[in-house]
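Read through the structures below before going on.
Each of the two complexes below includes chain A, the first together with chain B, the second together with chain C.
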Partner chain A sequence: MTTPSQINAAPGSDSSYEGPLAHIENLKKYYPVTQGMIVRKNVGYVKAIDGVSIDIPKGQTYSLVGESGCGKTTTARMFLMVEKPTAGQVFFRGKDIHKLSRKETADYRASVQAVFQDPWSSLNPRMRVDSLIAEPLVTHQHLSRTELKKRVHELLETVGLRSFHAERYPHEFSGGQRQRIAIARALSTQPELMILDEPVSALDVSIRAQILNLLKELQQNFSLSYLLIAHNLATVRYMSHQVGVMYLGKLVEEGPPSAVFGDPKHPYTKALISAALPAHPTNDREEIVLRGEVPSPINPPSGCTFHTRCPVAMDICSTVYPERREVAEGHRTSCYLYTETGTASA
Partner chain B sequence: MATFEESGSEIVSDAEPKLLSIKNIASTAGKILRARLPWAPIIIMAVVVICAIFAPLLAPHDPTDIDIGVRKLAPGENWSYPLGTDRLGRDMLSRLIYGARTSAFISLVALGAGAVVGTTVGLVSGYAGKWTDTILMRITDAAMGFPTILAAMIIVTILGAGIANIILAIAVTVWARFARMIRGEVLQVRNRDFVLAARITGVSPVMIIWRHIFPNVINTLLIILTLLVGQTILLEASLSFLGLGLAPGASAWGLMVAEGRDYLISMWWLSLLPGLVITMVVMAFNFFGDWLRDTLDPKLRRSI
Partner chain C sequence: MAKIDRSGEPLLSVQDLRTYFYTRSGVVKAVDGISFDLHPGETLGIVGESGSGKSMTAWSILGLVPQPAGKIVGGKIFFKGQDLLEASPSEMRQIRGSGISMVMQDPLTSLNPVFTIGSQVIESLRMENKGPAAKLREMAAALLAKVSIPSPETRLHAYPHEMSGGMRQRVVGAIAISRSPSVLIADEPTTSLDATVQLQYLKLLKEIQETTGAAIIFITHDLGIVANMCDRVGVMYAGKFVEQADVLPLFDNPSHPYTQALMRSVPDLEVDVAHLPSIEGQPPSLDDLPPGCAFAPRCEHAFDKCDTYPDTFTIAEGHTSNCWRHSGDYSVAD
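Showing the complex of A and B:
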């Protein structure tokens, strides 16, 4: 295993900064919904994410869970700086990433990398593995050919591949190997933050654990921070230091996985966990069945957006969105069951 | 280090393990070699190419040689002129062989220029999107809607007849076909994750187009090129036939058809032979282009 020599000075890498490596504050992303072929009329907005704040500490994994369409990918994309948020800010080492200088932006791009879900789509089929892995390096650093080659071989070894694989094309590899190539590429500039949007969902069940173990090992060796999106509860428990549960573009509960999964507070989290558990005949646990469909993010319900499906909804729930409260050390949720106003009216 | 064993319990999943079946996005060459080749079109195309390159070696006579002594020979009448001669005693076979050279030259240059311009426009338009796309596609639509024959008439009226002007007339309209088709492909390719991966790494748009988009639309380019060769040959023939193309005396298939049109009964071979050659060659290229499309890119719409 190679030791990383930090080549990139991260933006604002002055040693005085002590906050989380990356954080977002009250982030919103609305996509306009248009109608009409010739004259496009704006008929509303999809509130893909609507006021999300999360902290990602150095060397830790923050996982996002929630049903499809709740805004996990949109949240993750906000770190990739390919589109601007509608409101709110994304910070890296305490600096707003949309206010960086040219040089700082380049450094940011080297410091934040991503691994996508589908390794059949994320590797250019027309490029050789060595060029694929070297591309971020070529973009950010001036290395000689021999240095590049050496680095590519090191990276291949780091992710469990062999140096002769460098001369091959992606189609010669299996899904798991391709995901390793994608990881090697992401590691090439020695990033500090990796965005992992369902990194094993497209892979064969038999090789998922290998890739997760590799990611965990890399995190320990290079003190990487991860923003992970995953569907498997066991995966999330195994990988994460923090878990955030999202519903309709909002973060409804967050905390360490032991708290969120072991002692869920928000009714949606409870429903999600019971839905994810395999039905067991001897299970005397109260099974919560979610009523109704997920409402449209174009016209979300008033107040607590979960009130249309919540089994314990109260009158107050449809008024305004409940404030976030800390229910235990590091364990926060937004639900009237845990506010004074809510408990008083119940 | 503790390792992780997968166990059930998926949270309501939107992740289908899709695309695993498309394991081999094999190379262009591999796909072509593994498919059954359409030999008839390939042979016809090969003959055209060989004739074009080696015309001086293959032609039994100089195609411009006027010899009153052997004029108006029908095919088979005199075996040193196997396909007969025209009104001026020029050898039909030699003229047809040299005609391949003319057609190949015109197609190569006109399509080459059209492909370079059209592909560039298509790549930029498709990748940039927004107003760049809107403006470029308006221009493309205008060029595509403009009849090539009309363009040729205007160009010939202003610049005079000649091979360079035919090429110009074809190129000024044909680039739009490339631009449209390539743009359509780019719209697909740019949504693939490897483009996003390059963007987040900070690769410049020019390099993204060059390294990631262009290599993935080459198949389409190849298909359009092949399909347009037939149309270009036909176009050149039509222009020559209408007298908008090559000067009389040149060896071009369309011109030969035109020259023979007053003698369809008395000297049937004058128009019929070049007409047959045009039909065969155009069909061969179209057939091969269709096959190439079905082999390389079955999704590509039948819209060229």
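Showing the complex of A and C:
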């Protein structure tokens, strides 16, 4: 078993830093839309993320929820440094990750790891489990063969597998076990932040709770921070310390899960909760059936992007995007219902 | 939920259905002794994990078991008194679509990408209606309007890729109801849809049921959908029903250990829980099932008797469970 102290001794860590482990500020990512075969002409932008700020404290889970195309995954990709933001910054331990030296960048990449949705496509079928798990270690740390082998066995045990599994190939495992391998691989470099992109939605219902519990246990043992992306709200409530609800590239509501799910403020959050079917036939929930589907992010609606589907839209909503307001401690939302301008005109 | 009249003849009656696959690694018992009755206007939910045989039950009813590996080796399927397993291929062609039709999981693969929506809806209408093309187009547009597709006339000219996921699934729904079937099988129709769109689609299915009076078989792994859509539920595990009940008794008094464990392991949006009780182990592989109860290796209540497959025990009227715990030989601990 790996001890927590080993994990905490992350390379390049600065013990005096006390802010959130990772945070992004007013992050924007626009993808150009081009037209024309020979002369490429820029005809617009897909605003995948449009001014999002979040804080991920050490040892906590921040979850992003929203429908497909709302920018959850793009936000995660910003942390993984696979793409550069159009505007805004990503900070890790207080440092802008795009201003790090080469050595620091390598360290950063080791301390941020990801687990993806589908363990059938995220694990190379031609690699044995031991080389799959050791691959990040070979890249980031210089270990001897025996040390590597020892680490791989420790990691397998940490995720609830046995050391003899190291000699097998991914196809010999079930979905739940594969996801455990993917988690072991992510843990190998002793990360501080893990990006979990729909980690259980490809798994069987009876397996999901096992993996969720494993992730929670690992978080406690190694004080890991998670950025969880999930569309199942109940899963999010179970896993998170903070929840952010996204709609068309913007964070519309944010707060602790008990507040966001127990006392939702933004009409979109309310609709999303109403769409999560209650777990018992007699549980009646307020039913909000939204009109239509999420508009295209290429030409998002003016003002509040949700006003086209919002059941309580007002005139002001189509003009300017509402400012973010704190409605209760740590519970923030961007909606005119909770601003003075909005309440005055309503 | 309206009370379903179960006194009359069932519309669809499946009796001891067995669909096996003969593969190189052995016989895979995908469906192994499934029985249920479906009455007019009723919604039956079949819940189970992937590989539990729920989709294969649907394929078997429609006579679409993949050949030559798959074979229906036993049982009877009566639809309006006719045994479908005895029906000729041309009779089955008649029944598929106009008697029993199906909404598949993924509208991207069940619609042909190179034909317009209109031609695909008309293809199905033409099976029954002869007449000028203009009349068929009109009927197709009316169908699209029925599944709440905005501006149906212009949408007839659209190709599947020009529509969003929710709209595509509505088109699939329109084709499924085009010949007014009396049984609609919906195989995970909303898994590829977003949450708010899923809610719209489920409402639409309910509306269709209310206007046409069709019976629906809802195949899903989502207990939330079952709780909200179904009148009666069958819980499948490894090719068999382990528990069958009306929806309220099932959620109020789940009796089979698998149903109980499954319900406990799903997180609830309404309350904060510190720890979720999970089901240990993996679902069994269908070509290598244990001799007795297939859930026994993962069951916290398993005891020596579980080596033989349990009988069907009646918990209450219309509520059965296949578990030796109900035989009286084992005192229920909780």
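Keep this in mind: the second predicted complex is superposed on the first by the 324 of 346 C-alpha atoms of A that agree within 3 Å, B and C clash if a C-alpha of one lies under 4 Å from a C-alpha of the other, contacts with A are read in each partner's own complex, and residues count from 1 in each chain.
Everything below uses one rule, namely that a contact is a pair of C-beta atoms (placed from the backbone, for glycine too) under 8 Å apart; a residue touches a chain by one contact, two chains touch by 3 or more.
In this text the structure is predicted, and so the values were computed from the model without any measurement.
By the touch criterion stated above, A:Ser258 is placed in contact with chain C alone, chain B being left untouched.
Contacts of A:Ala271 after superposition: chain C is touched, whereas chain B is not reached. Touch criterion met: A:Val112 reaches chain B, while chain C stays clear of it.
For chain A, the partner that touches more of its residues is B, with chain B and chain C as the two candidates. Residue contacts after overlaying the shared chain place A:Asp204 against chain B and chain C alike.
Contacts of A:Gln35 after superposition: neither chain B nor chain C is touched.
Contacts of A:Tyr238 after superposition: both chain B and chain C are touched. Look at A:Asn26: by the touch rule set out above, it reaches neither chain B nor chain C.
When the two structures are aligned on the shared chain, A:Asn221 is found in touch with neither chain B nor chain C. In the overlay built on the shared chain, the residue A:Met127 is in contact with chain B alone; chain C does not reach it. When both complexes are aligned on chain A by C-alpha atoms, chain A residues 67-68, 204-205, 208-209, 212-213, 231-235, 238, 272, 275-278 touch chain B in the first and chain C in the second. Residues of chain A touching chain B in their complex: 65-69, 80-82, 105-106, 109-110, 112-114, 116-118, 120-127, 135-136, 139-140, 169-171, 175, 182, 185, 189, 198, 201-205, 208-209, 212-213, 216-217, 220, 231-235, 238, 272, 275-278. Residues of chain C that touch chain A in their complex: 1, 49-50, 164-167, 194-200, 202-203, 221-225, 227-228, 247-248, 251, 261-263, 265-270, 272-273, 275-280, 282-283, 298.
Those residues of chain A lying in contact with chain C across their complex are 67-68, 174, 176-177, 204-210, 212-213, 231-235, 237-238, 257-258, 261, 271-283, 287, 289-290, 293-294. Chain B meets chain A in the complex at residues 1, 3-15, 17-20, 22-27, 192-194, 196-203, 211-212, 215-216.
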